[in-house]
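Take a look at the following structure, please.
In this document, chain identifiers A, B, C, D and E correspond to the written order of the chains, with residue numbering beginning at 1 in each.
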């Protein structure tokens, strides 16, 4: 267990008015690890993602990326330091072409590119997510899953140290789900470090090394996947009896 | 009873729905399955009057013609839609959302009775009556949306992927609620990605492929169907 | 004390200018640049009724209000609804409504110019003094203030405590979802636009009792209204009223304590200050 | 995206020819047509400078009059002391600094809040200038009495317009331009792909504001007598927005298409029907909104699309 | 030349902030003049009468539009003469163009102390309405006279609108008042367009002045008066600037207007003036004001008479005639000294429903000022 720690969350707390959305949360992600972040609706998962990516500011606590405190930085700086993300509600750039959407992820981010080099990299990524054929099309024609693929390609364009995927698999039907899981598998095989928020247990089981379970803003379990999902507390709060 | 005949919808040149016909009886759950972009949401929105459908189609509920009507008229006629993304009023409180649900004239005199039903189904809403819906979690908002639809005293309820983004626990909850609603005599038209769980509670099902109905039948037959298993149940 | 009372009276006048717009923009989603012209048109009507027909302006409100309602309803249904229908998103509607209401602004101003010419108009009504705590205030301003309290109060109760009012707010929050609860969105929007027009027109009637006006002055009122609406938070009647009062008091205080030459500067300074700390206005919704 | 394409060279040539022809206008007519031409060039310059910022960001700024007025005032104050070209540079600097500050102040605002904020800012600047003038200077109006003829002003504006176009073109090809397009689409995404949208926006607003101030400075001699109500006339801000929106804001030259017909229409209506010009303009406006929903540029693009049966653009 | 009409163009505000003033003083007089001249068969040029044909333009209160309009009139409509626009700033903006084409430019509503500088620069320019100094100083003079007669005391409150005319008058007026031995107990300015002036009036009231002087513009002239009436500002002399002489002022304030001073004035008792007021009302349907209306009309008469005397519409000759002649107008005799009319009314007062000139720079018929006795 001496793999280097990529991300360290230290007693992170986030308040919205009177509501404690994230309460004194601690966890780490080590290199090449795929971490599942799960929990009931409203337990604070997206908020954690927002805190890591800088979309929201912590109320207290700190977040470190490879020892460097990033929780006091604005989102764009965090992105430049190597954290990329996708959004729970897909956000694509509608007036840009598909390829420009991907390039946008790599021009200002961690590994920067511009000009022909950027185009090549983007085409390569599009091929990887299966969108090569649509590279020069406007984005309006994309179906939902293609939008999700596009967002993933954009997040990868900066070649980030840490990738945050917020319910990237949600809304896919079983067949598409299979494709999606395979795609993330391939990222895992590349050795990427990923935090995955999902409600799809099949995906969590097959993709994650470890998972952190949240409920009402606090961590209720943290550990190896199969074991964690058997935790009675997790079953009570999240899985329900039927899935157990 | 809801009856749709020859419904077609186009976005510009793109034909999202092509001559779809279907019906939903009271007291039954009908599930519509289909890939992303197959046109499921379009179907529900078109029935609900939120997007215009092409000429020549007919829609009726209990014999009342509702084609080309505005959403508010269709709600009055007894069809309630819980749309994709819930469509709740984030800036209003839970109570106000529910009260607005009882806005149709047909529902006003049943307001108190329906409110009790909703609170029985979702006790958490009773406790959070004054909370702004925007500040609630996804699952709670889903409850508000369903509750609001119940408040409008519908004969037919339409759900667009009600389990989307819900935890396994809540998903099970929601499907339980659908069965309870069905027992009160409401007809339910359910659009879902979660084929396994939705077919399990449904009476009948339609498969929507590229805007037209590919297959239809009793739910228990569909579950057994080889093609269906392959496409929608993951092998 | 004198500053506060003068400021509150002034704030009442400002509230009358702004509340109509906040409803029109908040609910019907029309950024009505012609709001000042509506107000001035009402000033002219009142003036004309007062001078030619000897109708008391306060009673005049009861004639002008229904007329304003019908007129604004017609403007919305005929001119603006097509824009709302065709708008693909909020930004498009914003652009279209700016352009269209700019056209209406010209049209109304032109009509008033043809009807009344460019001269300044004013008349004397209740311009006697009324003493509060030892200082004299214009009775017409006091009456206008009381009317403002009455109008905005009624409006607030209507919006928060009646079913129809809640429907109006629902349309403001999410017009698409409003259809799902049997709200006739077009009708409620038209109603809100017309209601906003009525409030603005009533404001015009009351203001005409102490302002000197001419056909070209609408834009002055529009600017004031925009500032207040934004400061208070779009669509929020409370916000508009409080912003108006703050402005009234701030202006009076600046004029009395610092320099009357800086009153308008103070308005904008305050406006900018508030937006710097609350970018969504005093009562605006968070956009994050 | 770095290489200069053949298309671009062709457009460049067209532009050179067009500018050369336009530059000859004062040789043909020194009177009414020149005067009209000057008004058109002024609004083209203003609208282009405005679109520089507002086009990609979709932020509607109503602060045009503020920067314009500042430029005018720089010349008004300095004309007896410093040579005109230096004044233009000072105007650019002051315009840039002030617009930079306004930019910094408006970072958190969006939509209509930004619109009205800039309007408020413009009024605040105007009020402060007035107040300073009232209390700390002796004279009231400033007189700018120079030997510039309309032709000189016209040429200066034309040259400036070309400069603005070139700036815009360079920005478009740069990372800044790309960043702006992303910001225009979705600011959250922009931040998460590493764009310091604050910096980018402020930079662009600053460039735009500096240019607008220079336009004001160039026009000062034409005003001759400078006072706040005309130098800071909010109508300028409104007209610039209206004309730009009419033309369309998606490309740099789209406003051109709005300005020319609009100015001509405005002129024609006010000449023929001085007593009903407001009414007719109002009606014209409404007709434009209903009949040309996408801005004139949208219309033109629609038409060209239909006519040119070009193969799918294959990027390259 | 085979032409038989004289084309006359005027560009002034029909919309925008200045339109309130033009609607009273500019447009009706142009109409009246056209009517009067054409009723006579036209202006007598040599041995034939040439009727006038009017071209109207709206400058939207904006100098750029004014310049453009004048260009258009000259080059497209080919007008023979241009009537000066309204407003100091706009007159200055169009001056270079009119000078370039050599058109006579008889500016009326353009009040400035730099007149000599301008007329030197633009020799075709004439100024008729007066200088800021003239207006401001006569306020001091009249008040001084009243004080010396023991009618009023020594304390005066001075306020002004923060816009061109108001600022310039205040800058000259305050030193003049001080020089005349007055104590300025309250002074301030307020922004253009302010109509909520309770703080100003109350501020003045607290300083307990004997006289109140406001260099104000139309809407605030009304608002200050109204507020003074409500606050019962007890002063013996009350002066408000532009628009005091408007008929609408008297109509609004009725007997409360009694004794109020304002800028400008006329001698309403001369037979010419009486006739002018009568025909103004008959022809235009509105009443003339007691200052700039008549001056505007007089400037048109100057133009008319200059053309007749020159016997041609040739500009240099007409300009020469204006420079050197004396003209009989509704305002009495007008002559230009260095292109500037140096005898003008500076101050008037409402007395029994009529606004009488009470001070001038050397004109006949000044009425004796009275003190203000309350607001009833």
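Convention: contacts are C-beta pairs under 8 Å (C-beta built on N, C-alpha and C of every residue); 3 or more make two chains touch, one makes a residue touch a chain.
For clarity, every value in this text was computed on a predicted model and none was experimentally measured.
S.K.: Any chains in contact with both subunit C and subunit E?
M.R.: Neighbours common to subunit C and subunit E are D.
S.K.: Of the chain pairs C-D and B-C, which one is connected by the greater count of C-beta contacts?
M.R.: C-D
S.K.: If every chain is reduced to the average of its C-alpha atoms, which one ends up farthest from subunit A?
M.R.: E
S.K.: Between subunit D and subunit E, what's the gap in Å when you average each chain's C-alpha atoms?
M.R.: Here the centre of subunit E sits 37 Å away from the centre of subunit D.
S.K.: Between subunit A and subunit E, what's the gap in Å when you average each chain's C-alpha atoms?
M.R.: 74
S.K.: Need the CA-centroid distance for the pair subunit B / subunit D, whole Å please.
M.R.: The answer is 51 Å.
S.K.: Please report how many Å separate the Cα centroid of subunit A from that of subunit C, as a whole number.
M.R.: Centre-to-centre distance between subunit A and subunit C: 47 Å.
S.K.: What parts of subunit B, by residue number, touch at least two of the other chains?
M.R.: In subunit B, no residue touches at least two other chains, as defined above.
S.K.: Out of subunit E, which residues touch more than one other chain, so two or more?
M.R.: If we look for residues of subunit E contacting two or more partner chains, we find 14-17, 61, 162, 189, 191.
S.K.: Based on which chains are in contact, what kind of graph results: line, ring, star, complete or other?
M.R.: Per interface graph, the chains form some other shape.
S.K.: Considering every pair of chains, which are in touch?
M.R.: A-B, A-D, B-C, C-D, C-E, D-E
S.K.: For the complex, give me every residue of subunit D touching subunit A.
M.R.: Residues of subunit D touching subunit A: 1-2, 175, 178-179, 181-182, 184-186, 188-197, 313-315.
S.K.: Any idea which subunit D residues touch subunit C in the complex?
M.R.: Interface residues on subunit D, with respect to subunit C: 58, 60, 105, 108-113, 116-117, 119-121, 123-124, 127-128, 130-131, 134-135, 234, 238, 241-242, 245-246, 275-286, 288-290, 293.
S.K.: Could you list, by residue number, the parts of subunit B that touch subunit C in their complex?
M.R.: Its residues touching subunit C are 48-50, 70-72, 75-76, 80-81, 83, 87-92, 96, 99-101, 103-105, 107, 148-149, 152.
S.K.: Would you mind writing out the residues of subunit C in touch with subunit B in their complex?
M.R.: 163, 166-167, 169-170, 172-174, 176-186, 285
S.K.: Applying the document's contact rule, which stretches of subunit B touch subunit A when the two form their complex?
M.R.: For this pair, the touching residues of subunit B are 33-37, 135-140, 142, 161, 164-173, 193, 195-196, 231-234.
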